[in-house]
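Data first, discussion second: the structure below is written as structure tokens.
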């Protein structure tokens, strides 16, 4: 059992991490710290899990980190960027950071996150935790940046087409996220009566460069907020190479994901489509596709739970991949031997 | 006061028509008939309106039609296509059909609606009721096909760009509709627990040819069902002519809609965006835009209430246009002199 | 046309007042002021209504009040209590206050509202605006306290039984309100993801003394917050005099409300029940009842829109009653001659 | 590992059973049958669980039952009542029936379920599976009737007061259920747009006699349907013996549930209250209370997930109790050694 530490345990993602670690056969949840400066210390852990959030004083964190084999960070972006170098000094543990603090190239931080990255050397060594597509790097690194929620939904759908060399133009990505994606803090635009379906971050969301960098291709990304708690649906329209057939696309997705432990295929979108209700509160992605052979246009749909596959459960899958734990996520928060 | 007849008054759209006619200063609601074969005869009209749904026996309808100046049809597509010729025989009234029975060219009906159109001559004379863009035809015809909900949201957003000659490629339209768009009848996929955000009708929805025909340009249209009662949000990504500027687009939308009684502009999407909550239960469209000048890509967002601006209130605006009633729709169901 | 002034026009209730006054045949909306100290000055009025929120500087308010015949206050409780005496000095207008500032006896304010009432003489002259039950007083007073949302739903259901002398024990009132009842300000517990069905204010909500005082009988009142925007459903269980019959109760409600312009009866709850969807976005209450003749227990259900019948539209009905305008509220925001 | 059979696996409860059995360390899911006559045979099991629904032909069921140690029935009430005697002939397995087919006394079936019970001898031997309150009987019987959803929420809250002899009058139970409680079949009143908060089954719901029988006291029970997927909140107002104190009630609930693996206490309702969001998608109940010492009235609130603690997870807890498996349900669907 690996001693496991969660920092930033009071937020929506942190709470999911607590449940996923508790049910994990190889991880032992030793400490759950609040983010520095938060007022959540002393709060109970999620219903059904014994314990409480500890005050995130740096000394306490570093002492716990020293004895940990796994450290999960669900802290704000800039906090993660500052914390990881300190943790690395005190600990050899595998660090999985769920913030945006280690996902982009150093030069992109001032524009997209508003700060100069304080740990460029570590950033250069961080690997992107897109499970199934970057596993060799995940196995080989002690610092993993778990992908963002929109990038996970988008990249899982687009990677097969990109890697197969079928992409022939700009993907147009329209995605809708549940409100938990905005985090737990108090914001006027996430008050209950203020939420309804609307686009935001048009032509300027920081997940656009994250997707572009890890896809290796430019795109148009338009996120939306929807009036539901959890889940993301990304619908993608993308030109493909002339002559591509539906049968070819069927085979491609089957080959990439037919045996995948956490990506499920719904098949041709004209018959059945991914839906938020199929994946909310699960660690699974669900992907469907439909090719317009006459116009060489591929429509993709990809659904995930933003807090699980889009954050916490993918972070645990990174741990499984790194340590070669042969585990499959069960519905809810459990893990089953493959 | 014009005697006004509603056929198909028990459905969601029919109920909204009842309220809009009741509050109208120039219309007198004389009869509300159920669709033929429905079991709704005898049901009360919406709360606050005296009267009940009458049995839709053809004799009763034709007698009432004879004395009417306005006939509103909220009947199923094929029922409308069959009913309009009979009504025309018995009545000189303005007929506004809210179904899809008179929106497409005759040749398109077998593929998209599954029937050979029974009234091709009348269909050839029917005009498309897109208020603000087809007003001369609306004034001149006694048979108006009120536009579909998705086409209304999409066309109101795209028409300015199209008519200004700025369109330079295939518009990608992603739209999400509330569940009332699926009508009132009992369907497994609209059971409460079965609804969540998901695409449907991918590459094969009948509103695609409707939009294409009345826009005059092909497009990709992907509709979605969302877990809310009312409203449509369409998000559109479209290539525009190189060199187009944001200022030019700002001016274009101001010119088209700055004084429009039922289309409101939210402006640059990077600052403020249309939202379902802004238009649900109102007769208004809300439109925003953002131009990526570097990539010559325009992102448009358009929000309407699918039952009002996407159906019933636009139908009444057709009447206002036809008879030259100078009226502006108020929030809710009222009308104010311009 | 009476010059009408709204103070506190930026909140949810204030916005509804704007729409209701705009559509009113006898009222002319002259000014909409922000609450003192709010940052809403300069914001546009609701979609479809021309104008904007004015800064609520006392001098500007008093100048406008001087020329007004009607003043509507949708300000916080303590602000209303302080503002009304100043308004009275500058104006003879009918004042309708929608806050809790003039609903209780003076002695109750420190306990329930946390302040000593600053205008006890005016408070003593204020009348309770429960339309249909206090009309003579409403006609005779220039200061009307519009009832709270929960009290409106509860009192409309219980008054017939109480006044008929059938009440024989403590009414148990369980009510669920939509989130707009908590107002527009930013609160952690009304963040979208934090809202679900839960009781609050148990044994200590300030609407308990309001109901008790205006019913003339003690009760148990347990409010709940539900995950929806608008509407209140109150379900009431109350012992009645032995020997009461269902037929007697049927007749009683028909007599009280059979001709009422804004209270609709759904009849025996065993056949049909009031529902939030029937009344949301309408100015109507819907009431049903079922008598357990064996146990002498009456179950009542009462549904309203908390922002309309529970606030703004009842406030306008107070104006109608005071000035003897013979008007019936239409679905949405319109008014029709009786 | 005990061979475990699910009959009626395609409904909402059946799907939850599949997940709970899959994650259980002592149970092996061998067969999932459709209810007789359903069209669900061939459908896949829930996302993440390998396998499909089998056709529920009696021969296949009886053959599987012969080799099973545990049989879970999520079949309709009358189907369960008919099926249990046949299963008993072919199998010694522990049978847990989640329908209402074995919860009431034989004489109550014609009135409340509309059929004469076909297996009165077995019914007389069936025990009520209210875990924590009927454990000795659950250990001793091979036929367990898992409690209904409303009865679970209500009885868990009321049992402590009843058993302590504090109950001094008729409990008034108001409860709101999510729509999944109405099952998966297609019904007009559970269409998405038709659902909102409303009472139903007033003075005539079949869970009233179930609660009364297993509480040992009459009550008034008013259920409501709310516009959400999962969860039940029951709010109960009940007279208690004069002189009862809040401290006494605090101690009573701590004593009954302080160590309970699936009942959590939120404490005094005036400080914190149970909420649907706390328990939805979990196997936990959450209970709070507040005593009005002046009026000797106790207000209780009890929240559960109707499909889990109100059905499937309590059924598994019955198995744990019967076989003395020392397990605690984890958040989601997992189980942990006590």
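Per-chain residue numbering starts at 1, and chain names A, B, C and D are given in the order in which the chains are listed.
Operating definition for what follows: a residue touches a chain if its C-beta (ideal position, glycine included) is under 8 Å from a C-beta of that chain, and two chains touch if they have at least 3 such contacts.
Going by UniProt, the chains are A, B, C, D = N-acetyl-gamma-glutamyl-phosphate reductase.
Please read these numbers as outputs of a predicted model, since none were measured by experiment.
Common partners of chain A and chain D, by the touch rule above, are B, C.
Note that among the pairs B-D, B-C or A-B, B-C reproduces the A-D interface, with over half of its contact pairs the same by residue number. Remark: among chain pairs A-C and C-D, C-D carries the greater number of C-beta contacts.
Here the spacing of chain B and chain C, counted between their Cα centres, is 35 Å. Each chain gets a centre from the mean of its Cα atoms; for chain A and chain C, those two points are 47 Å apart.
Computed centre separation for the pair chain C/chain D is 40 angstrom, with centres defined by C-alpha atoms.
The multi-chain contact residues of chain B, meaning those touching 2 or more other chains, are 193, 195, 227, 278. Within the complex formed with chain B, the residues of chain D that make contact are 12, 179-180, 184, 186-188, 190-193, 195, 227, 229.
Within the complex formed with chain B, the chain A residues making contact are 170, 172, 174, 176, 193-200, 202-204, 220, 222, 224, 226-228, 231, 233, 235, 237, 269-270, 273-278, 280, 290, 292, 295, 297, 299, 301, 303. Touching chain B in their complex are the following residues of chain C: 19, 22-23, 46-49, 264, 278-279, 281-284, 286, 328-334, 336.
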